[in-house]
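In the two complexes below, chain A is the common chain; its partner is chain B in one and chain C in the other.
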Partner chain A sequence: MGKKLMSNLEGYRSLWPRRILVIFSSLVLFFLTAPLVILIIQSFTNESYLSFPPPTYGTRWYTEVIYSEDWQNATFLSLTIAIIVTPLSLVLGTLVAFGLERGPKKGKQTIQAIMISPMVLPHIVLGLGLFKIALQFNISDSLWAFVPAHLTITIPFVIVTVGASLQTFNISLEEAARSLGASKFWAVWYITLPIISPGLIAGAIFSFIISFDEFIITFFLATFQRTLPLEMFSTLMYQVKPSIAAVSALTLAITAILTVVLMFRGQVVGGGKIIK
Partner chain B sequence: MSNIQLKNLTKKYGSFNAVDSINLSIKNGEFVTLLGPSGCGKTTTLRMVAGFIKPTSGDLIIGGSNMVGVPPQNRKVGLVFQNYALFPHMSVRKNVAFGLKMKKMQQSLIAEKVNKILETVQLQELSERMPSELSGGQQQRVALARALVIEPEVLLLDEPFGALDKNLRDHMRIELRDLQRKLNISTIFVTHDQDEALSMSDRIVVMENGKICQIGSPSEIYENPASVFVAGFLGLSNIFSAVCTKIIRAKKTIEFEGLTIEIESEKLNKSDKISIMIRPENIQIYKKKNDSKKEDFLGFIKSKIYLGSTIQYQVKIKDGPVILINANNSKILNYQDFDTNEEVRVHLSKNAIYPII
Partner chain C sequence: MEKIDNNKISSWWLLVPTSFLYIITFFIPLITLLVMSFSRFESSVTTVGFYLDNYEKILTDGITLKIFFQTVELSLMITLFCLLLGYPVAMLMRRVGPKARLWILLLVVSPLLTSIIVRNVAWVLILGRSGMINDLLISWGLISKPLPLMYNAFGVVLAVVHVYLSFMVLPLFAALSSINNSLEEAAASLGAKPLSIFFNVTLPLSLPGIMAGCTLVFILSMGVYLTPVIMGGNFVVTLPMLIEDAVRNRYNWPEASAMALLLLVAIGIMIVISSSIQKWVKS
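== the complex of A and B ==
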């Protein structure tokens, strides 16, 4: 009997680390998501002010935001930029990643460090520099300024994600394809790209989301044009209306849907469906 | 299906010669093995033939045309990698079809050819599986089918059985050799496994430090090695330095490690310093009691290793060297067992001693 009791006690003891881990993780999850959850709940208020919990519920602010020309324009501009930036960033970043991985080893470290430095550079410094350049070429407040500016901060993410995939890619697969009659280009197209697609997808997601909610750099380059984050900022300057909560919830929804869709595409590509 | 010629083929990395002026001519349908220790330049040679490494100098001729500068995809060379390099995102069928697709062949023709080669390597049932769902041997066969379906003129294999267990490896050796004979395809096979080289090849090319040491049939290489290195690399051998002390026509007396023995050789001159090789299976040992012949040596068993079909003894010869002896462990040959430290007679026949000049 004593033995049984002992083993029971031991069972309890070994459970505790697990429980602590579960509690701790739950707390972290709570702190991470609580602001978002509260925001989403608040956005469904029917009142003209933000409060938690809202006294009455409705989709009043969503209707207002969706039919507001300002918000429409801002969303349209942000989407336009992100849609142009994402493929450009993916292509350019992938080319750089290939160059770094396959090119001469000499100086690789230095070039890589320079290429990905915008990831760690303060955006305010970057914004200031880009602002000067945009003035010089008289392109500020246009896509000609926004797109290249966003590219400077999205490309490093593609270099990193695609570079990581390329490092683990077994080069003999490409050689096998070539010995089977594929040119260098088609070997990369049919073999390398599908296999490193998780890196490509991650790079694309990063590029889109970073461009879509970029604020600091765009702030320097815009005068009259407003992207979604700029519109939110300028709205907040005047008043805190529930429309902000609704916009935030919508932005969240767009990014979430996009991520899921791209990840699903990634599975399809990774599953080899790319070759019919 | 084509003859291959390597003429002074050289690859330098800086001042280091990875492959040093190799000359080799391979006939139609011949199976040639490159054999040598790690780093001797086997893979480099193979990759030059495949077109992935540009030779520093020299020529490579396949089927009459010079291939130097021709990109891999235009060389009609089938390549099987050590790690198989199957495309992980494609089914077996798509892996095999890839080369035909690159040739822009008609769908129906592709299907027909793929089915035929899958049948040849007995993989019809697994054609819809992904590579990760196959065993090592099955993956190996897919790699082979994929390389062969494009009907290359040359088949190159770089240690293709390295990752397989011994039984499967033995099986795949036979399968590959049968297939190669049936298709009559010129083949260069790379290995550092001597058994594999001896059992499969029409000819073996032994390499060391980027150079060819000897080219010959398996029996030539094993029985008449051109150098101490080749003798030591293939199979077990006793190798001693010897001096020729006396000549009576073809009969030469040599001395090594305190032993004197008479052999027959045309080439040897008096005072020549040579090496001699004695294969362990060519030395006989007897119980000491039996009436001893004059030319036998006395010694005792220093160690004994049981190997199943043979027993390997180390015998210390009295006033002489320690030699390795492989005794046949056959129950029908009246074989006598010896114990450690037992005194024995060692019989070294003239034919067993091969002088390396």
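== the complex of A and C ==
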């Protein structure tokens, strides 16, 4: 009896033999990451065409991209939009997360579902509707259209990430600060916000990257202006040149650096405030 | 009787700025699309009213409906591949120690932090006519003509799976890690065979995660525009491409709106199906 039980347990454990799981998963993770590594390698070609592995290496295409006015303008526009959108999205989304967490339990779920619903709406549909409205207000092809459009898709991510942090936050800490004479605002500022900073940082990173990466909505709204994804798209449709690989690698670097910086700064700021 | 705290109600003021934004950028656009979809478009003039012209055209012209079903088929295929590739990874994440789990999680999430168009460019460089794979195979003398790896459904499915796989692994991992190990061990101790434990215990218990992941990936795939255009050329046509063409090239807002509504209805049906499967399993 005991022997049979043991062999059954053993059998269960070896059902998905670890080795097969590890090998299969490694292949999947390789599939996820290898294309980006290959892209970076190809971007350092010195030839006028793309090939793998490149016959000679160099930074020729990076130089060309960095000094090209089209790419400069597109990068500038994308950064401008993302830099306006990120703080606005963080503030608006955090307010909503607080409102939902501190508000009545009754109806909370329905309201939360409505507030994050832009998340599940396909961007092609949202872009179509926004384009119509922007035409009506005569603001298409300007920041007045791009920024609110991007906010609509970034705010739900802030609501989710900050909301998750708030749920694990122990409210008695804030109440302690208030009982010691802190006003509601400063109690939240010095106690709550530093503690939920992981959620805030995640929300900010998501906002920035989603805005920086957004394609189809901006594609509808823009006529002459081009963000980085739009410029990449039109170049790609015309010809696959090494410059597109260099721009892609640079975009990758921008998002990677920003992610690291935001995480690092967030930790430092959060830590500082707790000590204060 | 629950007493409603005024102090708590006042917290809802914090929702006002975003609600105001949503009204302009979310609700009004959606209502506009709904109204437009019932309007009439004749010799470049749009008449608002209650006409069923656009829906009639979509359902009877033979092309739109065919492309719609192609889009559904493509999305189902993408969802299936994401599930098949993602499930073992989620299983492994549940089995390994916390440190290894964090590393796998990092690798799974990292694509979310990189631009979709950048990832598509990477696939063009790998699968294109003079991409990496064809380059290598020709230089090794294995093939003489480049293989058609993109500008077809294969390229589109591969690239979209690459983009959305993370969205499948995360809910799967959440569901799998909430299963108590002792349930499977109990089944084993009662004499159940490994395969039957997997199909009778592990798989059903992870069903909420499977449904959440599949619904999410299906919805995202139905609306994806960029990747099919880049990877499919003009050889793979999807509903979002028709919508874009109707508005930007033909200025036919009513027809584009009706197609957008069709897309939303398909997504709505998927959500209803997945939630009723979950309810059916629970009971």
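Definition applied: the second predicted complex is superposed on the first by the 245 of 276 C-alpha atoms of A that agree within 3 Å, B and C clash if a C-alpha of one lies under 4 Å from a C-alpha of the other, contacts with A are read in each partner's own complex, and residues count from 1 in each chain.
Throughout what follows, a residue touches a chain if its C-beta (ideal position, glycine included) is under 8 Å from a C-beta of that chain, and two chains touch if they have at least 3 such contacts.
Note that the structure is a prediction, hence the values are computed from the model and not measured.
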- Task: Check chain A with both chain B and chain C modelled on it and let me know: fit or clash.
- Result: fit
- Message: Just checking: does A:144 make contact with chain B only, chain C only, both, or neither of them? Give me first, second, both or neither.
- Response: neither
- Item | Which of chain B and chain C A:189 touches, first, second, both or neither | neither
- Query: First (chain B), second (chain C), both or neither: which does A:28 touch?
  - Reply: second
- Item | In the superposition, chain B vs chain C on chain A residues touched | C
- Message: If we overlay the two complexes on their shared chain A, which of chain B and chain C does A:129 touch? Say first, second, both or neither.
- Response: second
- Message: Quick one: is A:42 in contact with chain B, with chain C, with both, or with neither? Answer first, second, both or neither.
- Response: second
- Looking at the overlay, does A:175 come into contact with chain B only (first), chain C only (second), both, or neither? first
- Rounded to a whole Å, what is the shortest Cα gap between chain B and chain C in the overlaid structures? 5
- Message: By the touch definition above, which chain A residues appear in both interfaces, chain B in one complex and chain C in the other?
- Response: none
- Message: For a test of understanding, state which residues of chain A touch chain C in their complex under the given definition.
- Response: 4-5, 8-9, 11-12, 14-16, 18, 21-22, 24-25, 28-29, 31-33, 35-36, 38-39, 42, 49-52, 92-93, 95-96, 98-100, 102-104, 106, 111, 115, 117-118, 120-126, 128-133, 148-149, 151-152, 155, 205, 209, 212-213, 215-216, 219-220, 229, 232-233, 236-237, 240, 244-245, 248, 251-252, 255-256, 259
- Query: Within the complex, which stretch of chain B touches chain A?
  - Reply: 50-52, 71-73, 75, 77-79, 81, 83, 85-91, 94, 98-99, 101-103, 130, 146-147, 150
- Item | Touch list for chain C against partner chain A, complex | 2, 4-5, 8-9, 11-15, 17-19, 21-22, 24-26, 28-30, 32-33, 36, 85-86, 88-89, 91-92, 95, 104, 107-108, 110-126, 128, 130-132, 135-136, 162, 165-166, 184-185, 187-189, 191-195, 197-198, 219-220, 222-223, 225-226, 229-230, 240, 243-244, 247-248, 253, 256-257, 260, 263-264, 267
- Sites on chain A touched by chain B in the complex: 170, 172-173, 175-184, 186, 190-191, 194-195, 270-272, 274-275
